[in-house]
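Here chain A shows up in two complexes: once beside chain B, once beside chain C.
On to the complex of A and B.
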């Protein structure tokens, strides 16, 4: 819980700094753009929270996101109604997740290796398939769902907010979600308590895929073309946000509120630097510093609990 | 009869863990199981809880045969085991830990946290545990975690509760508290299986006792009609059948002296004790792991605080678990042998091979090729490679932790033979072993550990299985 609070404190300090030095940051238009730019990361970070809490990792979501984006574009060009485009994209993401999950839970491939393979295969497969071409000539119903920029933005934010609220509630109150925490806390104890840990693993990866698909749709509809190189580095952003938000990288611990704070903190730094007149090249360095602090905090806490000899 | 197990047999890869085991547990009884290390107690419990499936035999609960046993089945039947290491979810709260053991239903079920907390409170109150249901389990002490496990078993409506060394990590006060809870559960008709090395405890708490030896049930007795001496006789009463090649060699000067133990050149000192008595910890301290230990070597006092310091002082340690602590399974014999002795910036494969070839002949390591990874060797030959690595450091003091555990008879004899050769050459050997005949057969003196301390060092001429076991159990009668 403390890491969650430290991240929140850091974010408030950043906002306070901006309020004094660059009040223009808080102009409605700018805030809206900043928040909108965070939506795709938040959506995948929601899925990533469960993956990490279950004790796994998924580094293929950037590639999944790219494939899903192109697929969404192609489905739209083919004339499918937007509802089906969105659903189809999510189903594609779930398919990716099921492959990852099956590799990890049934074949016992370590998740970092399985998803590394998926990351390369999906990214290179996409390059082969599209030849690097963007999807253009999208129907008018695609960008902003055909609602125009203002309403479209509102829909994106609404979808993200509702999703976050429902998932955050479910994480605490639905049995299946608690099974994810139990599995990540101690997989063997979970198995002995009658939890099907393989099913849990499969489900978190499938959920992760669905989130990657949804994020791809919410991102793609902001533009008039779909790029084929989208989502590079998205997995790192999501993992960083989850870890900064207080989740334990070894599983068992992590909240969605924490993840939200992590996304907000890491996502605010880039725009903040612009407003503060600092070179944007500092963004990655500062984000790296925050992640390092968070991970060090966890290592120190783990060391302390080891020394206090709970398992002595 | 509440629980019956009959004709249980179980082998692991040809090695019999249980030959002929049976157990009868009555309603409202505390039934103790005792036996030496490796007598088959753990295997029997695992079979009762469905964690391991027996090769043969039958389990009946309330007279009904249990078919398709599994941990889940055991849970639904109300057979719960509490192991030495708590099997809880450290990151989750007490209430959730308790709830997870008994809740059933689909993944989409919505949880009632208020009910979960109330129910947790209720079962905690039943055993008089003042623990906050909202607290994360990782913040509780061992004793508190054990109480949570008992509460969890109550919540799951356990009919049979199996306690494996429940007092091992408890203080005396906490243990007395546990006994009260056990008596209370017994009063409610729960059948308890109680495993403990501490025989004194059994006289306080158990109604009957079943003695296991070498995978066979020797007998079940009423506690009232048995005394400690008889129990120990039942536990060890075997003939010393195997022949050990131990030869007496002249004992030389003191090689190493530390609190509680003196090792002389040419001497083999056996170290006996129950699992968890601190034998491996003692050896690891001597070798500079675990914070180290102060020793006297050749009249000089040294504090050993790292393995490299220990090696410098001529101490070598062949650890217990070859796979986990010893060999690098993917690497070939020469690299494994040279690891501790050939410490240079640039390794010479030639020197490695030469050393390895030398030991391969001396120790009769049977390997297809020197370049094969060590994992392809048999257990006995792996142990020889592990031994070779440490002999290559040219030690004065050799510590062997369970040197013949899980290896075949032939290789075992060869390792015993080698130990004698080494002693003859003037090496001081400390051999930790859970196998009493081995300790008695190979040692000049036997150091017995109990609860982290060497309680006595018995000379070979005075040592019998009964005496060693009695000391290891911490029995005052010895």
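On to the complex of A and C.
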């Protein structure tokens, strides 16, 4: 709980700084564009929250995102209606997720290793297959689902909001979600109390893949062609957002609201730097610094309260 | 544990056998030396990471630390006049400082190592980029230092192996590390000073990264903020492949060395067999999963117990093991056979004294280079030569060196490189020339004494001036414009920016450059950056995109903003700009016929290999391009070409 609050506080400070120094940030057009650019990260971070809560990690989602984006483009060019393109892309993502999940839960490969291999294999395989070519000459129903810019943007935001709302509700109230938390807290205890931890692991990775596919579609339909090398660094953005938002990397703790705050904070830094006129060379250093501060701040506070005998 | 080493040893042996059969000059002393030399940086990281992972931790920041130390080293030597060794000493102190930061957070604040080092991974790289503006690099180091980099580092590696081997396997400190990996609280109750031990391993990790940075700079002759990019993951792969458990408590230095050797041999062998570098990445991933999976499958306990009992190796399991190794070997051999077959179909001459040309782009995934490749393949078909098209899949300067080293070992007839980093590639290109292999550069040049000829499509000055002139024309001589570039450290883009600014200062006093933002060669990022630029700098009327994905990204942003008063121009492929040219957002783009560039390069390389292109020659005949002029050492394709609505449909790339 503390880390969520400190992340929220950090975000409010950033917004306050912008309000004073660059109020143009809060123009409706800018806010809308900044939020739209956060949508892929948010969708992916939703899936990542469950992965991390279950005690695993997935660093292959950037590569999955790239493959799914190209697949969506190719399906559209082949003439499939957009509904099937979206479904097909999510199914592809689930397939990737199932491979990761099978490697982790059945073969016992540690998740960082399995997803590391998947990350390299998927991206290199994609490059080998496409030769770096973009997918162009998409049908007119691709961009904005054929609905036009305004309606299309609204649909993307709506889908993201509904997804977040449903998943946030399910995380608290659906028994399967409780199983994820239990598995992450103590896998052996969960297994002994009758939870099939293998299925839980398989399910979180499959869910992660589905989110990667969905994010790929929601991102791809903003443009009129599909680039060959999308999603570089996406996994780190998602992990950072989930962790800054309060999830424990060892599993068992984490909320979707916290993830949302993490996405908002980290996603605002880039545009904020431009508005504040800060050189882009420092962006990575600032992001790293924020992650460290968020994580260390909470630890120091917890340590202090533990040492003084108070409850955290 | 022993089983995995046995398995890995067998795999390594299989690799060596296969590659000596299908790779050219694989099993030579020179090649072995070269493999050892290029593995030192990675090896140093892998050694210290073994200790870290044995304690159950991880350190993702080692690659970024290499970048930071390299940059500090360069600064101290160049700008502050330190001697090379004094600068190295300070760089090592920086490495220890970074290690101390990790140690503080992980050992004393008890934060999860994955998250802390994820943060320092960004922080260190960010500091390196911030200090150099992403661009600045240092080169021209004294010869004695560079000589150290051509062989001396193996001695350093040997000392490191001894050090870590003794530390982990014979000292009580080492025993304590394994205990911590098995159970931190158990180790604490056993009286082991856990926080001190953990601090030690993270300090050593920082130290290793700093030494690796100095070795790296000596090896490739250049200190830049991108040093060590991606090395952390490769080092972790080597460590885990070698049998160290990621959960801690198990692992050996010998195993890590085996893992390193397996990966190095795989990458080197694939290169000598002229297989594309993507295969190496995929196979490394497969190997990693395969070796762990086999180990876990064979160790599966019979009863439903929690502990991991080691079972005896049964005959049937040995059979499975051998079958997997054999299958892997067959896959590699089979893919090579398929590739060799397809190359042979392209060339018309019979086997014998067949000319092989090694041609390397900056990165294989960039559509710009893909279009050059088409022209190159056309020329190779016409001439009947074997074209090896290979190169880094990411912007990794060190990878270019490795590929060229492989070609030298293989003995290609000519080398043609589009240079990512001038200083680092020149060392290895000079070596190729010394071996009698003619060297050409194309698209981006190396040091003049490192190559025979430079196939130039247009000078950076010509490109910069043309871009500025086009922008000025669209602005009508006054107003504001913004630049969206590729990555902040891309050398050729920064050269163009230099000439753009020069032209701006000389000729257009009423035009103002508002801002330069990076797109990291990502269309989506160029899109987001342009959206922000339009809002923060409302007076900007032209956005100049000087990376291939930047122009379509910026154009889409301008189109979606509805700002009809803003135009986009820049440098990109006609195919990517076409929809926006017809839509009116893009008035014109600047480029040249990329296919012709590739075509001309192959003709020039072929002529160099045959000896018809040598010093003093004033022109060559290049197939359908006809007579091409040579000015000094530059083979000139022509001037930059402006694509606009009237001509863009004629082009297909």
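Operating definition for what follows: the second predicted complex is superposed on the first by the 295 of 312 C-alpha atoms of A that agree within 3 Å, B and C clash if a C-alpha of one lies under 4 Å from a C-alpha of the other, contacts with A are read in each partner's own complex, and residues count from 1 in each chain.
Following the convention adopted for this analysis, a residue touches a chain if its C-beta (ideal position, glycine included) is under 8 Å from a C-beta of that chain, and two chains touch if they have at least 3 such contacts.
These numbers come from a predicted model, not from an experiment.
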| item | value |
| --- | --- |
| Contacts of A:190 with chain B and chain C, given as first, second, both or neither | first |
| Which superposed partner A:239 touches (first chain B, second chain C, both, neither) | second |
| Which superposed partner A:275 touches (first chain B, second chain C, both, neither) | second |
| Between chain B and chain C, more extensive residue contact with chain A | C |
| First, second, both or neither for A:252, with chain B first and chain C second | first |
| On chain A, positions contacted by chain B and by chain C | 188, 248 |
| Contacting residues of chain B [partner chain A, same complex] | 51, 71-72, 75, 85, 87-92, 96, 100-101, 103-111, 113, 138, 142 |
| Touching residues on chain C, where the partner in the complex is chain A | 58, 105, 109-112, 114-116, 118-127, 129-130, 133-134, 233, 236-237, 240, 246-247, 276, 278-279, 281-282, 284-286, 288-289, 292-293, 296-297, 306, 364-367, 369-370, 373, 393, 488, 515, 517-518, 520-524, 527-529, 531-533, 535-536, 549, 552, 556, 560-561, 575-576, 579 |
| Chain B contact footprint on chain A (complex, rising order) | 172-176, 178-179, 181-182, 184-186, 188-195, 203, 248, 252-253, 305, 310-311 |
| Touching residues (chain side chain A, partner chain C) in the complex | 22, 24, 27, 29-30, 33, 37, 57, 103, 107-110, 112-114, 116-118, 120-121, 123-125, 127-128, 131-134, 136, 149, 188, 219, 222-225, 227-230, 232, 236, 239-240, 243, 248-250, 270-271, 274-275, 279-289, 291-292, 295-296, 299-300, 303 |
